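Going in written order, the chains are labelled A, B, C and D, and every chain counts its residues from 1.
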Amino acid sequence: MASRLSAVRQLTEGLAAPLSPEDQCIQSMADASPVKWHLAHTTWFFETLLLMPHAPGYEAYDRRFHYLFNSYYESLGDRHPRPQRGMITRPSCEDILRYRKHVDTAMLRLLDGSYTAEIEGLCELGLQHEQQHQELILTDIKHALSCNSILPAYSKLPERPDHNPVPLSWRNHPGGICWIGSGTGSFAFDNEQPRHRVLLAPFRIASRLATCGEYLEFIRDRGYERPELWLSDGWNFIQTQNIRAPLYWTKDQDEWAIFTLGGLRPLRLSEPVVHISFYEAEAYARWCRKRLPTEFEWEAAARGEPVTGRLLQTGSLHPEPAKKGESQFYGDAWEWTRSAYDPYPGFKPWSGPASEYNGKFMCGQIVLRGGSCVTPADHIRPGYRNFFPPGARWQFSGIRLAEDA
Amino acid sequence: MASRLSAVRQLTEGLAAPLSPEDQCIQSMADASPVKWHLAHTTWFFETLLLMPHAPGYEAYDRRFHYLFNSYYESLGDRHPRPQRGMITRPSCEDILRYRKHVDTAMLRLLDGSYTAEIEGLCELGLQHEQQHQELILTDIKHALSCNSILPAYSKLPERPDHNPVPLSWRNHPGGICWIGSGTGSFAFDNEQPRHRVLLAPFRIASRLATCGEYLEFIRDRGYERPELWLSDGWNFIQTQNIRAPLYWTKDQDEWAIFTLGGLRPLRLSEPVVHISFYEAEAYARWCRKRLPTEFEWEAAARGEPVTGRLLQTGSLHPEPAKKGESQFYGDAWEWTRSAYDPYPGFKPWSGPASEYNGKFMCGQIVLRGGSCVTPADHIRPGYRNFFPPGARWQFSGIRLAEDA
Amino acid sequence: MASRLSAVRQLTEGLAAPLSPEDQCIQSMADASPVKWHLAHTTWFFETLLLMPHAPGYEAYDRRFHYLFNSYYESLGDRHPRPQRGMITRPSCEDILRYRKHVDTAMLRLLDGSYTAEIEGLCELGLQHEQQHQELILTDIKHALSCNSILPAYSKLPERPDHNPVPLSWRNHPGGICWIGSGTGSFAFDNEQPRHRVLLAPFRIASRLATCGEYLEFIRDRGYERPELWLSDGWNFIQTQNIRAPLYWTKDQDEWAIFTLGGLRPLRLSEPVVHISFYEAEAYARWCRKRLPTEFEWEAAARGEPVTGRLLQTGSLHPEPAKKGESQFYGDAWEWTRSAYDPYPGFKPWSGPASEYNGKFMCGQIVLRGGSCVTPADHIRPGYRNFFPPGARWQFSGIRLAEDA
Amino acid sequence: MASRLSAVRQLTEGLAAPLSPEDQCIQSMADASPVKWHLAHTTWFFETLLLMPHAPGYEAYDRRFHYLFNSYYESLGDRHPRPQRGMITRPSCEDILRYRKHVDTAMLRLLDGSYTAEIEGLCELGLQHEQQHQELILTDIKHALSCNSILPAYSKLPERPDHNPVPLSWRNHPGGICWIGSGTGSFAFDNEQPRHRVLLAPFRIASRLATCGEYLEFIRDRGYERPELWLSDGWNFIQTQNIRAPLYWTKDQDEWAIFTLGGLRPLRLSEPVVHISFYEAEAYARWCRKRLPTEFEWEAAARGEPVTGRLLQTGSLHPEPAKKGESQFYGDAWEWTRSAYDPYPGFKPWSGPASEYNGKFMCGQIVLRGGSCVTPADHIRPGYRNFFPPGARWQFSGIRLAEDA
């Protein structure tokens, strides 16, 4: 556990390393957070849930941080207003690194020798929590950099040799009673539980993600101008926000380019389309005369697949075209499902402060599955439920089609 | 069919009869519509979907009405902006009644003698559609009248002898594979179909609706001030809207009163609580250490019950306390479920203009079941799915509790 | 005074007469009020400021009206929310006419025989106040009718024989010390006082109002697309509101039409342009390489002119082209000046409730002068200061140019 | 000119020196700008208006900066959106300092030897412009730091020995014809010109600024709760923004504290009240049964006073109590006048890009006079017209009373 703690904590700091103190400080919208806030908040999580109650003699690094870096835990007191996180110029990045070291030292001391199962559980939760923020560090800084008119890059991305996309084929699933949800053997969030049975009708699911080239056909066929393709809320969304292409797509003359973590690059038709809202995914599927899979269909189909793919550790930082034999169930892009984020039968939130972790968000959101190119590889699993409001576009969110069998 | 047409159409006009032309003209919020707009829109529905395509030689009453009274049908052309429906002072109420007569006459001619199954189906749809608007006429005018500082009544309501509420008990359901959805034998909306099987875990469901007295206990226990009882969106909702009680409740000194279609009246503890949002229903359930039923649980439990109760035809126009033996599954109050309004497996929207009827709203809404005191009695059925956004409060929406068995 | 009271009160009711109860009930924006609200509010003014304190034994018609029909008098208690005035379907139009008769009867009784100077003064204020609302009845209903997609007319307007506009010429004024403001000999609002001296530089002022034809040249010269012609707030205003022509102008193919109180009519180039904001007037003047006059220049120039013109009593209800010799200083269109609405030196608001009449609005508004085609003829005078926010467009507001000599 | 250039430019950098790169990067509201943006924009001003057109062979440092650091000059092309200035993490602070050096070097080369009067004039404008931004650097960073929950200080402020305030007395002015505006002998902005005569009535003006102690009496007398004291817009402003004290005042138990550039400090009753809106100044004056002076009265009264006081160079960075004999016309606090920001008679904007400097803002703003504790001492003069919207509170804006004689 101690070595895992060190590895996860160091990875976080590594993600921030290419960024200047200014880069790390800003907040480009209320839904995103500054990089340095992520660094501090994940540390606050260990300090507040683990060290304060469980490490005898632990001294808080700075009690004001409990106010600054609480995200949304009502039971842990008042907090700095969310849309104002970009105003926290002090403590500085350096001071936050000292805070991290202070907490890491105390954590390693706590984990030195024997410790209770409760401590182990909370430590695991803290690490899983930090991994979620690793992904957010990258999606949030991507959005922030895109708000600078000169479009700076986060870092130089690896060369990406192009190739034609694998043709899309359809996988049959017989339906029937399927087990859904994560069991109790290894770590899972409360919202993935309890494991339970669901009765599914037979269905077919696409063999890979939808590509930019395929999505471009939708655009060219006036997909953004035809109300009959859209959910009512979706039509309203693209009208009022004046949306005519995925986020980060720009058109100069007739040439499309996209903003990536490596800066602006020509659009590559073969790679998976990402940074679309649920509404766009749903309209695209209708245009294809298909539909999105439910989260249950997705899980039933993905259970047999290896949990590998272009995840954070590959360093790609951008989705890649499916290679032959790749299903892309894991990595590359989070996949919007046709399932609202409702509680599973028998769902019980965790107790204590962690009760606020997932349950209170079970309204108005849509489930995404599978992880993206910036999801840590040891963080994703078949039962993992990610969730965002239907209009969210700044995540690496993409499309897998399905249809009734 | 002809006599049913006459009966439904007359009932609509009867609902408008107690109201002055001014009352019928106004729109109190974008979600509501003027009474006279309902009268005209339901007529436009028959004219546009039935008479124009199917009645040879039919002459439109006034082609400008096709613009004024289209609600949201993109395939039927542009339309008057929804939030501006209250600006339609002309045509007058009288002219709209002439429009109704013109269309009714043509409809009766069409139904005189033999007609195709398509015409029969569209006529049935027109009547079911009109019944939905009968309910909206009453909920919309209730809201409109409540915006007048002098709080006028829609009509004098019948005397309501009070009695103690029936004690709440719990009904067991064994779960298992249950049939959900409406079949094809009689009319049902597309969103209730296809009938399909769902696997349920055992559960318990309350024997009646929650009462005002029970809800008042929640208020007195500071339910509106404790964030741990609320969904995140719900807590935000009641803070930003400054909500501390159900809609139409007012407090003078220490006495609660509620605004009804009969005017302002003292709160009666024994009657079902209504005019609450999903957020309030959900928080109340958590405070009770219970939960809301899913729409599947509700349907499984309600299938065995008689489809009777305080519905529109009883003239009550307000929910009543459950009498001994009454389950209140039907009538009195629509019941918020813990189910987002997602498509059923295999869902296909109707074809033609009616394809926009239900499917395009399947996002961001919550399913309600069972009908209310202003739902026409012959309009409700076990498979009926009503839906509203989680913050909607102007419908007669209430609470039935459930729990895991 | 009694006969004047009757005449003014009857004129008001005459203005409402062509309108149905529905027409009279609606409110098309927060800045406008329903016609029937105007009828009731002007009556409330007499009842509250005159009858309640000064008529022994007077019985209020309905005390709830004191809440419903108070406009903005903080000292007279709470009131119905301004944006919700369209929700007052009850009292009905008929009931409000009864209210008017009740108050008129009491007023005539009060004025029968001798009465104090205070009563005379308050009665005069009540009548001047009612005349202001006569103008608003027409501008507010024009806006309301324009929000109905079928664009109904208020009434049939008289035939208007067209003729070429009088050529625009320039009148010289020598400047110097000029008396500004209304004296104490006859009625004037507090904001026109005290009469005082202002030192003016020599200037020139246009001999008539700007015409639609002249304004159309500004549009054709891309006036709405060139930021250098606009105040910063004005440029922002037309961008965010998407304004490209005066209010009520519409273009079908290449033909301009305008909505008038008589319905939609082809644009007549010779008539004065109206329904423009201060921003548009100011930009137009800059495009002409001229400027707007200050309110002091306007008054100095207009003092010598006869107070006649196309005012309400002519029945035109729309501005007309200047005839030979007509200066149009009075009537046709209110003229935006280049003067913010600041207090005059030595300004003192009236005492009592009337202290809220004018003074508290002296911020963020622009002075307009001269009266319009819907201003009562005996209501306007050289010193009269009207005022609206710079973005207001629903009044009959137009342009007179000026320049330095 | 060269040495003055160096001095002004160095002072700007000195103001930024106590701040970290993060501090310099953030933008706390749309009206404010990041410190580093000020550093770059003032440099862009020299580059764009002087070096590009007038320095042969000058090479722009980075052409992308012309987009990033244009403030509002439409004639100089499109620009980075104002509310997104805080997103400019790159160029870094260091890079902007290099940009400053690049431009300074070119400027000094241009000023080395003889140069035209046009160049001299533009250089003077560039320096005056930079001085305006020196003040904004301090007011904007004060606001930004106040948005951090831990309330960090900009720098340690000097000790401020307290003393009782000088009693307020009244200075008589006889009125008459007074010269207003700045002449042509030395630098003045176009909005201060032309110098012209104004006729004033006799008046009295306060001998010093209003103090915090005096303002506290207004608060204690329920000044923020009495609508009769407020302009209509002002009352609406304090209700909707929930304002009950000047900006930066906070109350803990019964003790008031204020946030200063030196951090949070106990309220000192003797010092001038600052950070109030025009609305608050105007209401306070009414509560005192006085009024605010017009800008003409202010200038007539201040012309005889020495242009000295607590200005930027004193290093106070906060207003101080008036000492015996001090009138405080200059320094300490900008003084809200009762004058809307309208053009002077004969006003002509400068030609070229500088035409957008002042004239296009002459609407919806209020004139302030006299300079504050963060205004450069050689930047202020009797004719100087500052202007802000009536609700602006983040400047060092205060109150001087006046009354009719």
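A few notes on this one:
We take it that a contact is a pair of C-beta atoms (placed from the backbone, for glycine too) under 8 Å apart; a residue touches a chain by one contact, two chains touch by 3 or more.
Just so we're clear, the structure is a prediction, and the values are computed from it rather than from any experiment.
Looking at subunit B and subunit C, not one chain touches each of them.
Among the other chains, the CA centroid farthest from that of subunit D is the one of B. One of A-D, A-B or B-C repeats the interface of C-D: more than half of the contact pairs, counted by residue number, are shared by A-B.
Chain centres here are Cα averages; for subunit A and subunit B they lie 37 Å apart.
One inter-chain figure worth recording: subunit A and subunit C are separated by 58 Å, centre to centre, where each centre is the mean of the chain's CA atoms.
Here the spacing of subunit A and subunit D, counted between their Cα centres, is 45 Å. Shown for subunit B are the residues that touch two or more other chains, of which there are none.
In terms of inter-chain touching, the protein chains here make up one closed cycle, each touching precisely two others.
Those residues of subunit A lying in contact with subunit B across their complex are 72, 74-75, 177, 196-201, 227-228, 230-235, 278-279, 282, 294, 338-343, 345-346, 355-356, 360-364, 390, 404. Interface residues of subunit A, counted against subunit D in their complex, comprise 20-26, 28, 64, 67-68, 80, 84, 86-90, 92-93, 144-145, 147-150, 152.
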